[in-house]
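In the two assemblies presented below, chain A is common to both, partnered first by chain B and then by chain C.
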Partner chain A sequence: MMEMTKLNRRTFLKVSAATGAAAAVAPRLLKAMELELAGKDVSPVSGVQRKAVPITCHFCNIQDGAIAYLENDRVVKLEGNPEHVSTRGRLCPKGNSGMWYSYDPDRILYPLKRVGKRGEGKWKRITWDEALTEVAAKLDEALKEDPNTIVLKYGRNRTGGVLDRFMQTLGSDSIINHTSVCESSKKVGMEPAWGPDIETPDFANTKYVLNFGSNVLEASYFHNPLSQRVAEGRVDNHMKIVTFDVRLSNTAGFSDEWIPVHPGTDGAVALAIGHVILREDLQDSEFINTWTNVTVDELKEHYKQFTPEWAEKISGVPAATIERIAIEFATTKPATIFTYRGPAKHLYGSYNEKACMMLPVMTGNIERRGGYCLPRGMSWPQPKPEPPKPAKHAYMNKHHHPLYPLASHGVSHLLPFHIADGTMKVNVYFTYQDNPVYTNPGARAVWGKVLSDETLVPFFVSMSSHMGEETALADIILPDCPYLERWEPESMPNSLWPWLGIRQPVHKSLGESRENRILMRDIIWKLDPDGSRGMRKYWEFKDGEDYMRHHFDNIPGLKEAGGLDFLKKHGVWPIYGKLDPRTGKIVDKTGREIRAEYGLYKKELSEEEMAGAIIDENGLITKNGKAIGIQRNGKNYVGFATPNRLINVRVDEWAKYGFNPMPTFKRIPWHETMREDEMILTTFKLNVHKQSRSAAVKWLAEIAHSNPAWINTETAKKIGVKTGDLVRVESKVGYLVTKAYVTEGIHPKAIAIPTAFGHWEYGRLATLKLKEKKPEWSHGQEDPDFNNVWWDDKGVHPNDIIPAIADPIGGSQAWFDTVVKVTKAGPNDKYGDVVADWDRHVEAFKEGLRYAYTGDLHRKMHPEMAHWKGPEEAGHESEGSHL
Partner chain B sequence: MKTSQIEGKKSGISQPTAIPEVAAGMAAECGARALLYRLLSAVFVEEASAEFLSAMRTPEMLEQLAEVGIGFDADFTAAPLAELVDTLAVEYASLFAASGGFPPVESVRLYGRYRHEPNFEVMQTYQRLGFVLQPGRHEVFADQLGVELMFIAELLERQAEALAKGDLIASRKLEKEIKRFWSRHLGRWVRGYARLIERAAMHSFYREMARFLRGFAEEEIAALGLHIEDADGARLEVPKAEVQEAADPQKPGCTSDAAPPGRQGIRRLQDLRLPSVPD
Partner chain C sequence: MSEELRVSPIETRGKTCVKRYAMVIDVRRCIGCLACQVACKAEYDTPLGVNRTWVPYRVVGKYPNVKKQFLPRLCNHCDDPPCVRNCPVGATFKVEDGGFVLQRYERCIGCRSCMAACPYNARFMLPSHRTYTPITNVVDKCTFCFHRVNENLVPACVQTCIGRARVFGDLNDPNSEVSYLVAKNATQVLRPEQGTKPHVFYIGADRNQTEFARDAYHRPEVMELERAAFKRHFKI
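And now, the complex of A and B:
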């Protein structure tokens, strides 16, 4: 009898080495379900195929294609939509958790009316009719005084135009967005230069990436679709990625090189890289001379000042590193860059953004495969008739602030100061998907104070599905639907392929919640029941689906495919190809990956388009008074979406207001005078959270629920702190006490605190009130899921101690400019202490105004603009704030 | 309570029939229980109306409730009616309808989220038995406490009708449905939930009505002869002594005669004969 060799793990593995060929030809009957089913799903219990409803995810704002799988009319799973060209069947952890918004036991399901003091937490449930009647009555009063005293501020607006329709119906211009706490300086840095407000880096096909302050693998704009392409570029295309960031984010960790920069100095590094490229004559001269409004010689002359040595002194990045990176970037083709909040969220964020953007421009990497591409998107028509624009301008709105005339996306975070000083008179204040009491600079010390004050905000209506920090201060809450229960049109330039999509309700909305377009319609119908006031005609639609038909049933191409019915079935249009489960790419019928179209600006105008057009001496092609293209080398191109159809390296509009029209960099003045023991506070997002709303989502809160402050090892040693110790972080407007996380992964002069934690509202999970020993009658306990909450640290929110400062060009909040003193916590400091002061915030706001074009420090910051005549040159009167 | 079962001859199938006076007694008891269910349903399904509160504050009602150990404070008995309606509406919203409260919804209590299995199960049960859920003043979930209690009230009323007609087969079917519903739904969550509300309520009305609900639930479970684990979050606080005894197959009536041991302050059902209360 043959004796079996004694097998141990080693001998097993030896055997396995020989089995490869046999294993390869062995029958394979089982495949990964998700790849194989792609778009289908079955119940693991019953084996029954689940109902699949394609949607566009709206957990955050990337707008991934998704599919909701339902059993028993309940979402049991969310997955990526394999037909979606941008996200290709993948969904991030946040998207996978989206059903918790709908089924959250702390969700608001009924209209609620405040009882007692604002913010006291006492409510009375009222009927929709009672709520609408009260809101309509308050609107009526406000309309009699001035429609602009009706203010609507929104956070995330994906309604496809409904909020504008509502405000225009009321005749109010006071519609305020949130973009200045988001990315407005990035947008304003880009728009005058090349038209659109964002870029699409072709990561998948590039060879080299310079990443300035973006954490694209975790959190930044277009995280899911772009991170897929970053991985492809790295694996399939062997690209190199270099990340400049104050913090070793997961993107920085994934990069070939992480180069820590002194906070707020990315722009200086970018300019120095440009200096080297131009000095070494590595620029794409033909592109610059043909497609920009400057010559190579002008550019070279301008960039002479930005030497690597100059940048080293400012940024701490060695000149030799800058030299090397510059040459690598310019000599590797194709190459691209990516930026997000890192460069933009500073006092002069728009300058920084533009400085970064100039790198792909001067190297001719624009709209090339593997380069820095224009965004691709699609639009849809609005239902007719449309209400006219309001007759009178508000002091400020989502596009305009008189002290920040270049900030085309508004300066929303300054609103509370203008409400307080009377420049924005409010009678009725609406909020929609917003939570500035938590998300904005000053947080409760600023927004909380103003929205709590009934003399400043006499009537406050929140349209919300959850009791966020802002909604908790409302007088009336109208229960909005979470995204799985709404109709909304979508298109987002999150890949190189344009698409249209929809969100559609996966089931009936819960309780008495109503989606935004319906509840706004109902308000208008209450105001104008018989149409005699001329309002109702703009709101004559049956339901959300009916509204969508107005958007989608007549779009050429989509119409032939079936219009809205096609979108209801597929969630997205067009379907470019099929998802290859092996590669994860969208392929054509032959199995080849579909190719993107490049060189959009070089699309030639047709004879029909040129008919009647005029070409001026600069080659600008105009028709009916509108620029439609540019003639270059005898050909008529569409060009870029700027007034001169070129890339504007020199932005003349900026010069009108005394800003440098050429690429430049300004140090943050208060960073230059920092003391040795001071640091700069920055914030960041983790991959499982968004700004505010995700703390109530159970799966995500379990993964990340606290936010210790990142401090460099060397710095921590100086102040005598180790990981877990309490530190006191003090800015000029307040202080907080939090825990330290000591790491080499952060610049020694920076302290970084992630946001999305430390809630004092947003339900039991976010606040951990269920863990409080003393029972609070207004906060429930002991539901079975909450018994599984094993953590008792909800984190500390930093925004109260961050002053509101606006970029005088782009209007962005200077999130990353706050100077703080960090010390080991004292005996009286408690974890979670947050103290901030309204008066000190007001002082900081006033100080910030001094950098506006009307401010006294503006000229001092711009000695190179000595020829500027002052605000009068712009033809604007200085409109000061009354504070 | 006397019951009788007479073997029927038709088709060889035994056909239970009721002695008329026994059936009448059983029918009356079902009717009385239905009223209690309706009363509790009215407390929890939505904010209490002025009419309902007036009926609750009648001397007879207060006296009967006092007899079973339910005693309201002056905040309920002495407050002007209009003020009471308002106060209780705020308390209702805080406890049951606003963020951070305790939604009286089985899905939430047992699964920690709205619209889960119980919601669909009870909806199917309602449909199977010919009921449709319609919104009242507000739209509520099918597995909301008030709706579940209302459903049992409906079944009991049907049972009372069947008994009045001497139809014991129909009566038994309905009793089975009631037992099944208690076993699968109400019995799994309502005791722990009631205990939670007793502790959380600021106003004596909800505190006491939650006590009443708990006692009533325990009584019903015992009377129906059921063993049901209290699966609600507060189940660990259920004293072992309150574990109910098994069903007695020889007792087909709506309730058993003897109250289970270990419950103080809560009277047996048949002692509660409440005046008619608007629902």
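And now, the complex of A and C:
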């Protein structure tokens, strides 16, 4: 009877809410004939409708749903997929120009073998059979010694598990990622706190945004889908956005307020904002007491130390501004924050990330409409059988480094030092969509040196479609396919609606290029032609499409819709609604905008799920030894994806290694001792480029091809330079000479140089060697448009002079911490000079290790952890915990 | 507008049964991503060095009170277009139903009168090399994606606009989104003093950028080096 009443009441509420919504839109019921926003494309010259193939974009890693439009079997246009709930038919400038990966005149289309010295640029075209035979022979030798001497390092891996399958088939644990040069400290700051490694801010429905150092309108995780919602929130929902950044990025320039901070001090500002909120009693006490592992009183006590005056001294942000922003943030509901790499890419990046994350937690903005939401993703099954995990652990891999036990996403940028000192022995080195010789700290001086050394890396195979800085040092190049010619499964939590997507070839792969899963299969087939070695059974599939069937044909819901065939036709599943030509939003059958589901952690466990479960005195619900939920106020909720199903403000695991388990901030020690004439070098991405692989894309290169260093007007006056003048930027590991861009839009103590420029490889356009004749390794079709290239400045790449330092918690490269001296260039300085020294890089690397939990400076940096017993205590537990 | 006030017989405003296409650019929503500029390049195989649409920016204010302003630009498809008046061979014309200002490539003699007449710098000469389109060495310009609009599709730049800053539609239809935006918001047009009656309306643009607006073309100092390189190397 009770149940009946409840249901009726709910239905009644639903009906009345719907009527209310209809009344609200009533004044605009008269609909005009609006033009369609997407879905087809015609040629402006012939008027012929272009053939459409739905794909998932993979220019960068946002994974926008897209449609490739073809004329004469060639992609001429790329658009957003209107059926995609995140992308809603739109693409960024990078996504719009993705066909130039495929049609780059300097694309590699045939297997190549080095004939000159390593890196000399002399290549011979060989057959696939020759290439595979040589690779298989080298693998055989390496397997005899130790499978872990086969190292595979990848940059962008969207294969959906193929690289792991390959390495596990070989029995090697030496699979290395790139996350530590990306956002790993952010992930490590968040995971122990609430489970997932990223947030989804509900920008469209929020009223207030605190953006700490993210440049979401140009780059960052989920640029396109999130930017759409930022614009929507700002204009349709009248939200306010405040950006803390050292530089006037497009995001800062768009924001209602740009508050410049001293580089590396966002964390202190976030803590001081928290201090004001707690001092003024503006926190959401019920949320804190119910859903976190601390009480309001504990939190208030802990935050007492972080006064706005303390933060002002460190960050330069006036205490009054901090007070004002704190009160605005706490009293405006809903509100959210966003961070990406800004706070995280510092020596103590994970502390900074956590300090920021505490703001939506203490104000109870978690998982609310317009708040700070959990990511929504979907997964897919792997083809069976699956190879077992390797028997023996490598010294380091994609989620483990013994000196950085909390860095669950690895510390990949330290690999060359470990290859050089012998801790990582290499017999065969594979690279896939990676270019650390360009993208990593130390660049040429570190990675270039190690990968050029045949005693350290005896055999080097690059799976690449382009002659990048790293591929140029390879012994064998296996021509991989760009994303428009690959099969790949996709899902990305880039909006509040989960989805599965597909990448499918738009046409036959050009030349003799083979997509990654095929070429890896071919290597395994060569090693184990008859299956007698037990490797081949993991690679029994006809082609990429066949592989996708294993992923997609048995997913409940998708299976009924048609499985892979549905995805081939639509590119994405599920389809939540139709793109409304009037509003650009996704609407349901009744014409109303679809609404996301909120409060995921408050989902109640069903009776079935609760059967056989045990509830302990803290309310933790466990079943078969696994925590499945938490009891709160008499209800059984799923809670958060942490071991105690709560948000962990206090992360006890950190304390085991002598790190402060509570939100805190550490100043970068070498910033405290900076001299008056020194500055801090930061790097960034521009709206039209990604890290290393876009310089050969002509439309983007035309918009941005050089990277003068941003210097504040006042600072420039002191140094005596104006825009266009040469400056010399010197760090402790080297120096470079570049042009200055004098602007009001940067902190006077910061110098900012964008990356993606200054290539010395990557084809004739990226290196501006267009007058030279087509190299022998280049197999693409020439583009007459290259005659129109008018720019003559390719920029200067800064990574050589940035030392490799890792966050002792998150393992991130401390990209934005480098102290440099900036002076007007001398008479002998030439534009483009880059000088960096391996020995000085090694010294800097060793200095960085002193901050690791085993290092001598760790304790000095953590006086508050005096009770910590020392690394010996923690050491044993760390072994294996991340493997 | 009454018939007597019309300056030009080809105007589309308020004419019954005639469409009057316009673009509203809400710069409050523009994130400066340049997707529009690149989508346009793809749509038309536009060669390097020239653009049908482009997005200049400027940085205003003094540290730490600084803003970045973007002003997406394209042909204004004027109701009274000076380029049409100035073309000696009738290569440039206005489509009566819709108001598109278009170019007949086969008639264009490349005299550049239209380029000189346009107060918006919206026209350019095509260089001799293009990737796959055979039309070269004539004047080209934005067409408001005439070929797409005919197929009931919005222009390519509107299609891809991430912030949905660009909205396209029929101003003669009082219920269209563009009519609604123009009615509900204060709008500006570029260089109204020229009397061209533009069909690109801006919401939220800085009036220093739009009126008597040499400033609209004022390029940041950092662009001077680029300009010099362009002058040195770009050959038609």
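The rule is simple: the second predicted complex is superposed on the first by the 825 of 883 C-alpha atoms of A that agree within 3 Å, B and C clash if a C-alpha of one lies under 4 Å from a C-alpha of the other, contacts with A are read in each partner's own complex, and residues count from 1 in each chain.
To be clear about the criterion, a residue touches a chain if its C-beta (ideal position, glycine included) is under 8 Å from a C-beta of that chain, and two chains touch if they have at least 3 such contacts.
No experiment lies behind these values; they were computed from the predicted model shown.
When the two structures are aligned on the shared chain, A:Leu91 is found in touch with chain C, with no touch to chain B. When the two structures are aligned on the shared chain, A:Gly511 is found in touch with chain B, with no touch to chain C.
Once the two complexes are laid over each other on the shared chain, residue contacts for A:Gly370 go to neither chain B nor chain C. Looking at the shared chain after the overlay, A:Pro105 reaches chain B, while chain C stays out of its contact range.
In the superposition on chain A, A:Gly264 makes contact with neither chain B nor chain C. Between chain B and chain C, C touches the greater number of residues of chain A. In the overlay built on the shared chain, the residue A:Val42 is in contact with chain C alone; chain B does not reach it. Chain A uses residues 74, 698, 783-787 to touch chain B in one structure and chain C in the other. By the touch criterion stated above, chain A contacts chain C in their complex at residues 28, 30-45, 47, 49, 74, 76-80, 89-93, 95-97, 99, 217-218, 223-224, 227-228, 230-232, 234-235, 248, 250-254, 258-260, 581-584, 687-688, 698-700, 702-703, 708, 712-714, 723-724, 739, 741-746, 748, 783-793. Note for the complex: chain B touches chain A at residues 47, 86, 89-90, 92-94, 97-103, 105, 107-117, 119-120, 137-141, 196, 199-202, 232-234.
Within the complex, the chain C residues that touch chain A are 26, 28-35, 37-39, 41-45, 47-49, 59, 61-64, 66-69, 127-133, 135, 143, 145, 147-149, 151-154, 156, 158-165, 168-170, 173-177, 179-180, 221-222, 224-226, 229-230, 232-234.
Those residues of chain A that touch chain B in the shared complex are 72-74, 100, 102-110, 112, 115, 121-125, 127, 466-467, 510-512, 698, 763-764, 769, 775, 777-787.
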